[in-house]
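What follows is chain A paired twice: with chain B in the first complex and chain C in the second.
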Partner chain A sequence: MTSAGQLRHATVVQGMNRMPGLLKFGSFLALLFLPALAMAAGGAEIQAMSVEYRDVPGIGSRNLVWVVAQQHLLLAGFVLGVPIFAWICELVGWKTKEQRYDKLAKEFTKLLTSAYATTALFGGILLFLLIGLYPKLMAYLTDMFFPSFLVYCLLFLLETATLYMYWYGWDYMQGNKKTFHLFLGFLLNLFALGIMIVPNSWATFQASPVVVGEGDAWARAWMAMQNPTWWPVNIHRLIANVVLGGFIVGAYAGVRYLLAVSREEREHYDWMGYVGNFIGVFGMLPLPFAGYWLMREVYQYNQQMGITLMGGFLAWLFILQAMLIGVLFLGANYYFWMGITHRIPGSEGQYKKPVMGMLIVLLLCLGVWMTPHSLVASLAEAQKMGGTHHPLLGVFGVMSAKMTVSNIMILVTFMSFIMYWRAGKQETAGWAKAAKAIMGGLLVIAGIAVVVLGVWGYFVPAIIRINYFSVAQVLIVLFIMVTFTPLTALLMKSAKTTTEMVWGKMPIRAGYSLVLNAVMVILLMSLMGYARSSSRVHWHIYGVMRDTSDYAYSPALGYAAAFMSLNTFVFCLIVAFIFWVATLGDKAKAQPPKGSTMEIPGHTAPAMAGGAPSSGEKLE
Partner chain B sequence: MKSPIISGAIILAGMFIFLKFLLPLVTAPLPASLIYLYLALVLSGILIYGTMSAPSLEAMMGPIFRFLSGKGQTGAGQMARLAVLVMFPLLVGWQTYSRLVPSDLPPAENRTIHPAPPGEFVGLSNPYPKTPENIMMGKGLYAAYCSPCHGANYDGKGPAAPGFNPPPANFSDPGTIAQLQEAYLFWRIKKGGVGLPVEGMPWKSAMPRWEEELPEEFIWKIIMGEYDGAHQSPRTWEEEEE
Partner chain C sequence: MSEVALLQIIGMCVIGVGILILLFIKGMFLRVLGFVAMVLGVFSLIALSVPQMASLPPAVETFDLASVKSPDDLASIGQKIFFSKGQCALCHSIGPSESARCPDLNGIGAKLSAEFIYESLTKPQAYIYLDYRHDGIPKEYPAQMPHIDQDPIGLSKQEIYSVIAFLQKMSGEPISIKVEDIMETVKETANSLKVASVSSTLKSQLQNLADR
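Let's look at the complex of A and B:
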């Protein structure tokens, strides 16, 4: 461990002295174009000698940075997640020749320009706040990571240029130019990935710093970037961004569906809600695996940090996490099940029993996931239980149980989607019966195997459970997903449609459930962002640079939860503002000419006010 | 067809009876926090299933809405509605009052059983080889110093255990020492209850500070004996070589 006395507060100039000539030139250019950064680095050096911290009266420096950093991160998740969503939709539209996918992709790319500017704005505010409020820390990080700052700036320039070409060239690059437009979309996501992983290395270095050996500035920055939690966080955030993008699109569609007044609008936004929910759910399925890998790396890096998170005072955050994920799983499945009931007329009776079965399994799993290891109990209750650890239900509190139920919930959600896919269709292939029997058998075997491994996990050393049993559980679930998806696709290719899917008939609660899912994802990101950050406890850089400010303590969980809620609320307001601004033009186009008394055909009241697709119908 | 409201009420009441009265017949009673959590899950399940389709929504919520709106109600129906409208806020008020009224009972705890160990105890490994002699010595030391509380069978049921609240840890439970590394046990045994960090509050551990009585060698050997006697293995990052 490096002691505080050994900390190096070298200047940017010192850092640059170690660079080769060409790199110096690059640095000079970057500083020329980014005076703010140059001032930051240089200023930090001067300030670090005299001032270690500054405070903000009233709200406090830590709280202010907390709110701004969280907003920046959520917005970044949005602007990195939505292009993935848009590109996938554009690709699907190009392959299937269905124009509605292209229209959907374009509708969301339009949001990116305003969202991108807002994200950059919060990023700038965060940078200024960090430089002003935490000069000592920023001087250290600048010294360590300065070359990566340049890479980050370069990526930003490339991302911005690509985004402009991608958005403004949409209509121009149709027809035979479409493949180039798709390539631009790919580049956009590639640069976005770079923009995400570079600052991730700064944040993960703070949590899991590594010993940085001798070398030039680039070599040292690269060594610092390759810390143990960098890639687990990168993968986790990448998947989470897809989930956020999908569910925010779903929420947008949900709100527009509730406000829709014409049949066409209802059909379009109902379909958009389905696509958003689908992408959100498919991103959500591998997310627990990525989270598990991250926590495994945290434990392996530092047992103390792992215990603080999973067994210590932050452990309660994981019970809240279970609740939020539970609501998300229930909300996503509820939306699928309502889709079967309302979009495929006559299928309600057919799927009633399987839906009930799935719901019961989900609730049982959620009950296990939400059961804490040590229970909240009064003195009298604890005396009766023999402590805060229940002799029977206490077994649900450990990882073996949590891993098992999360895998089962993923399986159930996947099967909800398969059921939705198959609803209203009749397989005609000769091998359909055999395929369905094999799939049913595999599903039962997989479910039993996951449970058996989970129970067995209590009777083997932890390392055997972590290295083999948990991995086997994940592989079993992935095996089901990768075999069932193409098999079902083959079955559906030759299937005949018995009932056409009807869009625009979903009840209004479907719109609300889409909004709920998005809010749950934002809350989850705020919650786990806090957990990851506060696992450093009283260290700016874990074990290297101690937090010696007045705020070197962990806030009470209730206080932290209030800030998470505030962050979620503020982010929802910002997103609503972005959506509102981006759709102003559409509204203007939809308005009848001033002074005109002509009614727009098909317009009635919005769905949320009891309006219906056509007279004689009513949305519940 | 049975009314979904009645079915839902029966399921909720049945679950409450099971959790509150039937389960304690075979195990320890559940705390209220857990019972409410499970009931909330059951209620959400009932609502999800009941609102899936238009007919089920009408069957579940229709009578409730009609009753609360009071349309076309006369006599007993009207009185029942009034009674509900008066009783519901009173119930909420009573609940709020009983939560806020000063009481001599301590508040419910969200105790952190496994606080993070101090840095100097992280990453330590048992310096003594796992030989039959060392394990036997550890078991002997355990019998002398630990078993009065933690029990001869490593199950937390020693002769002195009934005197403690919370009771001594049950090492044979896979949720206790099997989840921890040897270094963690070394810290807990060496520093005892008084050595718990701030995040371990409220400090409710009668564990003695054994560093004042036992040399470190004895503590490491006790740990070895504990794991062997409880048929558990310490948490490690490396698989043991055969």
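Let's look at the complex of A and C:
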């Protein structure tokens, strides 16, 4: 190594001494990689400035960055989604005075401390890899965005300080100080939002760059940040993070439910699974609308990019996306229906028919959504069909049909939730009958209107369908959601409970369905990450900086799906490890000394507190 | 064996392992992992069963200005630059467009002189029309015109001339840029490159001396 290289190495090592544990380990790993990368570059250290790319033997630079970036993004989604989940739970606990929500929020905040460090670790590795493997691109982005790097660092400092205060001050800030603690939770989420949107601007600039005019570094960075897909991605990712946080909490509860040995544990994790699934579904309902907005912006920015995504080599990706979303919708609804059947005794017969109807509608909708627009057919097959489009299936393969069924699926899922909410309760308000009739009427009208607009969409120019009909469909469904929710809440306020909810009676498959939902969300995030990246085709920065490396191609779906599956499995293992580490202390506390019998007042508290039985339990 | 076949075999093995775990392992955590592996294996197999299309990059286009024989050749190179290296189409449209962030360039070659277009590209703030067409109230646009001859776009003089030739042809105007002018600028650039190369060699020699 040259003296300059030694100096750089020494500076990095000195810097490492100031880093916290896991970060230090991450940096150490990255340093281990660097010599190999330098070797891959042919040892031409002195020409480092002119190197555009470096490769990693075996796995390849692009694949290595893919895996690390995906882990970092999924962990970041988790780290940003869980505080939203925790804060909502804390808020609900504070408003309803139900301690179990507060305890649930606290326990999930505890996970953040280890998850936060792991996310930063992968972020550090990713940064080192990007600087080492893509020096030219990183130099360009640094030149364009450097002031935003400083803002990002500042936000990280603020986020870390707030997280420390939020977590360590939980018990201290009770009673009168609770509102301040809630304010800290709000700040935590605000800074987390900032941490998300700043790097989003770098990634969206790569996909939809704008011409940056004259000005100082700050003005230029700000101009580059305000690119057309920045805010659609911000909103889409924010909602997706809530969904990820909710479903991961649900999956954790599902696994713990399957592992539970006592009645109290089963009751507790059943309830936690319900809360996680509820928040996941709550976020999932508006997510397609955000996705629609993003695609609209992509089309408006560059029609060619939109066509590459929806009609080009990525077209089949959206069939896979439909399948994953369909399974997610089915899984979430199935869990609601199981909840009605097993938690509310006596309701099986009452809800059997509506559930069957909903299932049929969901399956039909999923069938339409998954219908490809054109099939890969031989010449003879195409002649038999009378063209490249199947005479029947081709009708369902177009966007008008897909928009219609996705809106209907959202409506059905929303109604599943309303049905669950109302199950086991008898409305007592005098106006309840009228309200229910109005809601029923509105639902029928909304369903018909969505279908009519969908069919009408076949006979109007695409721009009219996109600008007016699809927007109208979305607004109709949103209208139903924003009117039914408060109306049902008012109805339930004075309702009489006819059947008490029984927790802990769900069958084993409920636990698996929660795990399945989380896997679907993680796969979906991985799939759409590949779509977003591949839509840039052979450009690092679309239309501005061409990818001239050996990896300038986008791999086919099958190869990409194998990577997505690998990434999902690794992420599941990392999250399981984080959960396991975070609950070790609780397990130790819950374990009585050997040979003794200990009574724990209030709850068994193996890992996650909240929703505990009122009586104690003897532990041997 | 093809890559797809190999991945299909791996996918089936993963599903098989998942099934074996669910059949024979009692540990609940491992069973959940087996279930997850099965789901991921099924997903991979489905993804492998749809048409496999990779997106390959197109061949790198080179703008060989030295081979220009006629003004039409020049306009054809200018068209390529307009939609690629020049990044003009990032903001400008040719014909009305709702999404365009800057003025529509349809017919601009007929309305503005080559000199004015050259100045607009290299000194965009020198003289500003909010809307060169002057139809109704001048319109404000969100994007600001950058210096096309400077980084990050950095078009050469010849490339800018080619773009102007394209704009003129696209507007139905006779191309006023002459092939000889381009050849002249090619020679100028070659000379300046030689000077730069000599200066760079001198610089590195001086640096070596200083290092010693």
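The rule is short, and it goes like this: the second predicted complex is superposed on the first by the 535 of 620 C-alpha atoms of A that agree within 3 Å, B and C clash if a C-alpha of one lies under 4 Å from a C-alpha of the other, contacts with A are read in each partner's own complex, and residues count from 1 in each chain.
Heads up, the rule we're going with is that contacts are C-beta pairs under 8 Å (C-beta built on N, C-alpha and C of every residue); 3 or more make two chains touch, one makes a residue touch a chain.
Remember, it's a predicted structure, so these values are computed and weren't measured experimentally.
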First (chain B), second (chain C), both or neither touched by A:Gly175: neither
Partner chain in contact with A:Gly430 - chain B first, chain C second, else both or neither: neither
First (chain B), second (chain C), both or neither touched by A:His342: first
Which superposed partner A:Gly543 touches (first chain B, second chain C, both, neither): both
Which superposed partner A:Phe313 touches (first chain B, second chain C, both, neither): both
Which superposed partner A:Gly58 touches (first chain B, second chain C, both, neither): neither
Chain B versus chain C as contact partner of A:Gln300, first or second or both or neither: both
First (chain B), second (chain C), both or neither touched by A:Pro486: neither
Touching both chain B and chain C, residues of chain A: 300, 308, 312-313, 316, 376, 543, 554, 557
Contact footprint of chain A on chain C as seen in their complex: 3-4, 7, 10-11, 14, 28-29, 31-33, 35-37, 39-41, 43-44, 46-58, 60, 84, 87, 89-91, 98-99, 101, 125, 143-147, 152
Touching residues on chain A, where the partner in the complex is chain B: 300, 302-305, 307-308, 311-313, 315-316, 330, 334, 337-338, 341-342, 348, 355-356, 359-360, 363, 366-367, 370-371, 373-395, 397-398, 458-464, 467, 507, 509, 543, 554, 557, 620
Contacting residues of chain A [partner chain C, same complex]: 140, 209-214, 223, 255, 258-259, 300-301, 308, 312-313, 316, 319-320, 323-324, 376, 511-512, 515-516, 519, 523, 534, 537-538, 543-544, 546-548, 552-562, 564-565, 568-569, 572, 576
Complex contact set, residues of chain B against chain A: 23, 26-34, 37-38, 41-42, 44-45, 48-49, 51-54, 57, 105-119, 122-123, 165-167, 173-175, 178-179, 181, 183-184, 199, 233-240
